[in-house]
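Below, each structure is written out as structure tokens.
Next come two complexes built around chain A: one with chain B, the other with chain C.
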Partner chain A sequence: MTTIFQPDHATIAGVSEPAKSRATRRVRGLSDRTIAWLFVAPTIGLLLAINIFPLIWMIRLSFTSLNLSMSYLPLRFVGLDNFTDILGDEDIWFRLQTTAQFVIWSVTLQVIIGFGLALLINRQFRGHSFWTTIILLPMMLSPAVVGNFWTLLLQPQIGPFNYLISLFTGVPPSSFSMTGQVSLAPWTIVLVDTWMWAPYVMLICLAGLRSIPDYIYEAAEVDRASAWRQFWSITLPMTVPFLMLAVLFRAIENFKMFDMVNLLTSGGPGSTTELVSITLKRAAFEKWRTGYSSALAIILFVTVFGAANIYVKALNKVKQR
Partner chain B sequence: MSGSAVEKSGMSRWLLRGPWEAGAMTLIGGGIVMLVQPWSIDLYSYSFGTILAGTVGYVIVSHFPE
Partner chain C sequence: MTAVLTKSTAHSIVEASPRAKAVAGGLVILYAVITILPLLWIVATAFKSQSDAIAYPPKVIFQPTLEGYVNLFTVRTRQTPDFIAKLPPPETWYDKLVRQRDMVIAGPSKVVPRFVNSLIIGFGSTFLAVFLGTLAAYAFSRFRIPLADDLLFFILSTRMMPPVAVAIPIYLMYRQLNLTDTRLGMILLYTAVNVSLAVWLLKGFIDEIPREYEEAALVDGYTRLQALRKVVLPQAVTGIAATAIFCLIFSWNEYAFAVLLTSGEAQTMPPFIPFIIGEGGQDWPAVAAATTLFVVPIVLFTVLLRKHLLRGITFGAVRK
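After this line comes the complex of A and B, so read on.
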């Protein structure tokens, strides 16, 4: 416990100002600044140990030829060779294109569905809170749980999803596999990701819709603007910054997507749904190419960091509104 | 107005954050498009350099005055 002792004025009366403040500090024990540092130090230490140190270590490894399956070989410095290899590798390029297609389709669907849901939820109706909670449920689940139970739902023999499709189309349920067919697997990961994250986009859009003052709509009513006109001239323009925020956030998150896709398809069939994060995991923990995978991780890190800068800028713009 | 003041105002006119930030963000966005586009592997090869330049540039110019 810090003891605060107030020295009486007579004691320090004839002493110079710096000496006086030194004496005060000494008698008070630890300064506020020191106490603040003592409280923050464990967090900073932990952050350095589990975030900064591995990052620096990874940067170092990316310039080496380290292969953990042959770790008895001496560590060789290869300069930018790993980066040159990756940036000339057509396989990685294709995986990045697969990732981009996944990001574009899933984010587009999430924004359309999320915005639509937000427009519905924004109206006051009976059971409004109940339905909001139900809609928000998927985003509260862990991606590992979602991956596992959608694997069961999509199972061709016993999964209910195929039976549902069969009910509407007449196609026999066990004649197609959502996760096992080249033409369907990419859409399956888009479908599951949209199911999980459209509610999140809905939440952001709902915040945008609720920030629009009522008097603007009242003025539009006075001017006899139709509901359609109000939507295009008021609702949409005033929600766009929030939509941009949702798009950026979801795009960054989906670019890094690993867990759910790995559980659903493991990148298959073939490499149809192999996102770049799965390629990275395979290079690091199946082929044990540590130097190469570190370089790939840095490329992805810089890309996400760059995109995050744009995201923060967009966030600040929304805050200023 | 003294010479140094003129020089300073000239410098600060050039070091405005807004346009530089917009430039850095364009570079980042362009680099990301180059990284994932399906048309040219040459563009893909230069994508990381572009993103890195944009990101480092953004960190620097975000310290420029408003």
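After this line comes the complex of A and C, so read on.
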């Protein structure tokens, strides 16, 4: 025991100064370096096996004309044909546009509602904790199950949604169909997504609002800054990093959106709500165009990966506060 | 908005005036009520009869029945009233309920096996992800690992990929390995997705445990592993539990991989629920009953997780 007390306290802290402590450490079991690798390796190994190896395989397939419904054909390499096909395909650009519109509108609405709710909840009225929990429920649910039960709620004949609308507007409930009408379906997926995810933005904004120290407001009061001025000069700027985080996360998630929309409208009517993930699913798992869909998947990967990079930088920014 | 803009000269801006609080409370409660209505409607639909569920106009007041739940758990065949009259008297309340509709129960439905799949795959992948995640998180938190930031980014980025895109090569790989439509295949896949969340969350939790405790233990002659087991893990228990619940919720709710990679044997609840079919389309009371049973654990978990929710949904970036 006494020998261990000899090196100064900092060296025992860990690997920062391994030279001195390693000798004593090795006597008492595995070295820190061995433990570090033993602990990290299984996770990295699993991710390599389940994510990276298949990804590399897919990159190879994206240069082939493989079609699983005709897998008896020999594997033929077609170079960059799949990529030029996709990038020259008007339909794909249209789907990307549909997806972008979905992302922009849903995230915008979620930010407005989420931020508004956070400001209200931050007033700390009685029972705010209970009501906050209620508001948070939708985002914890399975998106697929949500998409499914909203089809019942939005049925023009038997669903309650149209009745509520007609109660307030006088429009006959069976005269419009939220999921079946070209003009309404894109808004329907935005609506349901906002119902689900506005609480997400709210929760993050609430953390932002609570991170603002009281003394800043007190100083503003002393300076007789108006409430309006305080909002624009203190509340908003200090919440922006949190808001950015929420926006980036929602944007990435909605860019990948598949489950909720697949069950709510399955891309219809026509292809008005066909997000790019749904197109990909059809190409890969209905038409079985594996080569082509691999190429499309890679294009999506690159897009998401780029966004993820920005996302992680934003994470670090918030963390530093 | 209005509440924020309310001028508060008499009160400190930090503590809102009673009127501002009342307005804010009213608006929030209004939103909460509107947002919860769809869920309440589904819970109510589960207790409606088939005809009440598709009534026109929709019924708010109805005679509650357990038919939806009975239909969810059974497969029934339609019979003539004569045939049913000849049968021995119904043995159970649900036999009786079904016979009122000129049906007899032919056997159990697939809902129980699907539910069991959800449980096995959910708990299996959660256990693995939390186990691997705890080890990796501890290493990232306490040791100097070369390229640690890049590895952490790599771990996170695997979760950013669109599930449908990931499913394409996984489908091909699993076909070769005979893992399609198996629980093991789904457990491995969900573990891979969850481990990224587990590493990031747990690293945050372990970072918060002061190193001094372990140092003291090491000084007392513990090995690293003993210190981890007897000092760090007990301190990290809450964080580990919260992480486990997040992993469980993900596996429980996941749809894209489940629908693309399973068809029967290993199918979980989310792809199953929309295809609960009655005579002439979706059997809404049964679908609603399944949805209710499926959602109840999530509601309980949400209440339990309330404190850690923020951390979980931001990969530990925002703590409070």
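The rule is short, and it goes like this: the second predicted complex is superposed on the first by the 276 of 321 C-alpha atoms of A that agree within 3 Å, B and C clash if a C-alpha of one lies under 4 Å from a C-alpha of the other, contacts with A are read in each partner's own complex, and residues count from 1 in each chain.
Here, a residue touches a chain if its C-beta (ideal position, glycine included) is under 8 Å from a C-beta of that chain, and two chains touch if they have at least 3 such contacts.
For clarity, every value in this text was computed on a predicted model and none was experimentally measured.
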Discussion item. For A:F83 in the superposed arrangement: first (chain B), second (chain C), both or neither?
Written reply: first
Worksheet item: Who does A:M238 touch here: chain B (first), chain C (second), both, or neither?
Response: neither
Discussion item. One more residue to check, A:A207. First (chain B), second (chain C), both or neither?
Written reply: second
Fill in: Partner chain(s) touched by A:D32 [first = chain B, second = chain C, both, neither]
second
Worksheet item: Touching A:L96 in the superposition: chain B (first), chain C (second), both, neither?
Response: first
Practice prompt. Go through the superposed model and pick first if A:F305 touches only chain B, second if only chain C, both, or neither.
Written response: both
Worksheet item: If you count the residues of chain A that each partner touches, which comes out higher, chain B or chain C?
Response: C
Worksheet item: Which chain A residues come up in both lists, the one for chain B and the one for chain C?
Response: 305, 307
Worksheet, complete the sentence: Per the touch rule, the chain A residues reaching chain C in their complex are 1, 4-5, 9, 12-16, 25, 28-30, 32-33, 35-40, 42-44, 46-47, 49-51, 53-55, 57-58, 61, 113, 116-117, 119-121, 123-129, 131-145, 148-150, 152-153, 157-160, 163, 173, 195, 199-200, 203-204, 206-207, 210, 214, 217-218, 220-221, 226-228, 230-231, 235, 242, 245, 249, 252, 255-256, 258-259, 262-263, 277, 280-281, 284-285, 290, 293-294, 296-298, 300-301, 304-305, 307-308, 311-312, 315, 318-319
Worksheet item: Considering the complex alone, what residue numbers of chain C touch chain A?
Response: 1, 3-8, 12-16, 20-22, 24-25, 27-29, 31-32, 35-36, 38-39, 41-42, 45, 53-58, 132-133, 135-136, 138-140, 142-145, 151, 153-158, 160-173, 188-189, 191-192, 195-196, 199, 211, 215, 218-226, 249, 252-256, 259-260, 270-271, 273-274, 282, 284, 287-288, 291, 294-295, 298-299, 301-303, 306, 309-310, 313-315, 317-318, 320
Worksheet item: Contact residues on chain B for chain A in the complex?
Response: 21, 24-25, 28-29, 31-32, 35-38, 41, 44-45, 47-48, 51-52, 54-55, 58-59
Worksheet, complete the sentence: Given the complex, residues on chain A that touch chain B span 83, 87-88, 90, 93, 96-97, 99-100, 299, 302-303, 305-307, 309-310, 313
